[in-house]
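The letters A, B, C and D name the chains in turn, as written, and every chain counts its residues from 1.
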């Protein structure tokens, strides 16, 4: 049967009532920054019950939302990258060497966010000297259809060889709602979950699989075509019995829909812009004066 | 109100009953080539009445359909390009110098078909010598958002200066049905109609606007997101009165849907393949031995 | 015989003695801007004699030189683009509608400067309204090997159809000296001369060929391989008779050298950076507040 | 002092007299294939003395030379890829799982050969089933300036995790002579040597560093600008004493020459073509029917 798919903790959380959230060990904190038209939500899942009801691992999920990510206002993008760098610093804590991994397929526009971040990253590990500064390295490993290898295998091999303290994995996600596409960045200390990403990564990237903490940086760049059709049709199914509903849904959710995604017409330009902004935030981490 | 949008004459024609077609001056001829899994339909609109009922100008529309265009089988693509070249030769007639125009925005994957054809075109106008052979030139003018100029203005200027006998305009189209996306090529001697193309060309390219005959070569590479939602919802509206239907449709066909399109996940690769195949067909025109 | 090739008036002028310059109607004005490490030379050729001795048409040649163009310092590039915009405003005078033409082949990195400028240009002709503001349109016509048409034909056709007051043509040039590569921008009101550019444009673009004034914006991105070898060998030929010199030169200046150019290892990145900076200067022209 | 740089064993071997070669444990075997205009030289270095006099490790070096690699004749490229596959099969022996590594920087055209091969590779490791067939995986790790990591570290990590029997490393090389550029492919079972490649890999990739045998596939795509100048000037230095020679050479071999390379004007197109041909040869390895 059709499974509604979203990689955003926020979209799951919104479906719970507020009282339920608290009882289940889900803490939510919201703030608004007028100047940047920025709405930030920090969801902390602190119990196994909360994890189950949101379908996400325990941990912190920071969601930054702003329509201005869609535009090309350079002043906004600089200011936004500073905010983003602040949140990243909090998640990094006292870790000193960071491996940034750009997930996704650079040949598929809405999946190319990760590789584009790596393209704009200013790595310094190869000439870093002082012990006390942050050190960046970066890798765009490609996807399994390109490499024949699980992305997790590649990254784990590189982690074991180069010994970063922490991994940051940037990935393009699928959102539930079109209004979230290219307007939202989700940061989380729980890594990348199995089955997420535009092209569905099979294995997760997290402390269990890589041996070091993993911060996930995700931006929804598509909505599954099936999600859109599902949502349009569901209101018409109210009042019908379960069996009839499922039959009707199956009729409209054709198999070919699964190979399609819905994406804005200017996706190339927007993904390029957001990729630069995330790279700028990461580059700020090693440039204390700019921060 | 929502207007179902398709650039394929075939999709309009399918909605008419066969008897009606004949009466209205629409002639349809179908053929199947098993080896290529190729289904070819030639629709000739020979009366004004037929033009009105299909919403397309009078002329010939050749539609070649095959699922194999989606794949990367080199042998198929070569064989298909030969077929395509044959149809193009028929439409060209005795014209000798051809300007190929690749419409669309090369920075937007599903709209980049035209520019990719030009990239693979082997032009010969600058060193053509013999009077009796075919002569090719090519141009990828970009779209109005890139140039600030109507595409028609640019092409008309180039036509007036370089005096081709005929223009061939390659464009990415929007289809009505997902099963047509990247599996169909439409050739027509009526040129490119206003409002067609992935990004909506404002003015048409045809004998009236350019002063020379225009052959349109179109491939649907997207479906409008609104079309998909519309089709999924329509069956549930049967039996309702017109007013209620329109209200319900307006609810699901949100304005943001208009800025979205639905496209297969491997669009980059498929568009690259089809662009090469169309270019190969055009290159065959000036290489009689290969034809 | 080998003909030393340079597209920079400055490089020709340097070979004349200062007194000779004045006598021949060549006026030279230099200035230095410490903050930008910028050295600007304005050469005005005001007599036919001067034109002959420099091998360039009468007119103004503004050469801006700075090593900082090679780097990626965003603050510098913004400041430089302001200076560039000032010079362009002087050359434009009271003209109101500008067609920017990006010459060159986007598939050949050191020749791709022009197309990259167009890619970053913010055209406004299609929605310009007020009579008194500047209006930009843009075109990257490709090169003759791609189009089969003389670039001049394409541009003239577009000029006749869209009626700009003035054309600005951006082109990648060949320099004589490696130290000029990617560190120099030459602006001139004499247009683009025949035989210049990385790939040798056959016809010039100027008031005679296009019917409107043409401002040339050129950046040397390569040195001909033959030039480099020529210069290395020449000192060893001193004292030899002319015939022997020519024989020896012919030996080292092999035909295959003519198909080679010398270019810095990071040419892709540098050309991308300079292309953005020139586009930024052009975009400033229509944004009075930013100027 | 200036060190002549070449990555081709053949170019070193040519500088030895034939008798000397044999005595020193260097075996040379040449063959010509008229139809492909293909000249193949197999150099086997079987003694330490031979290794020293050629400055290359002991092993087999297969050099395939043909001017037709410069062109775009599809029939030739197919036929050539078959020959290449045959040589690769010999070098692979009974190894069953192959990791193909595309070295180099995809953003720098003449260095992008390796990444382009990976782009065209048809990997099958992720769905390979039968025990007895060849299994391909692929990785384009980027260069140290992009990743901050030694390329050797990345590959070694991936090798340890995914356990291929053998690594094939594709790299763009520097040649000594312009006539070798893009006309030569060198295969060797000695891997990639330190300091080779367009951009100078610091560490070698070989059995010592990776733990599995490494086959190097190299194509010269550039000549160092310094090499060209050196060769042009050297004939004029004959008869001078060593000190004077070195002084004069130092004068012409300026430091900025070191950051320049000489490359054909159509390098983008040629590198794309050769990248596809090498990928086709590798793809043939897992398609026994095509071989």
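The rule is short, and it goes like this: a contact is a pair of C-beta atoms (placed from the backbone, for glycine too) under 8 Å apart; a residue touches a chain by one contact, two chains touch by 3 or more.
The structure displayed is predicted, hence computed values, not measured ones.
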#### Entry: Separation of chain A from chain B, taking each centre as the mean of its C-alpha atoms, in whole Å
37
### Task
Let me have the rounded angstrom distance from the C-alpha centre of chain B over to the C-alpha centre of chain D, please.
44
### Message
Distance between chain A and chain D based on Cα centroids, please, to the nearest Å.
### Response
39
#### Entry: Junction residues of chain C - those touching two or more other chains
107
### Message
Thinking of each chain as a vertex joined to the chains it touches, would you call that graph a line, ring, star, complete, or other?
### Response
ring
### Message
Output every touching chain pair, sorted by label.
### Response
A-B, A-D, B-C, C-D
### Task
Using the touch rule from the top, collect the residues of chain C that touch chain B in their complex.
107, 118-119, 123-126, 135-142, 144-150, 153-154, 156-162
#### Entry: Complex contacts: residues of chain C adjacent to chain D
107-109, 111, 178-179, 198-199, 223, 225, 228-229, 232-233, 236, 252, 254, 256-257, 259-269
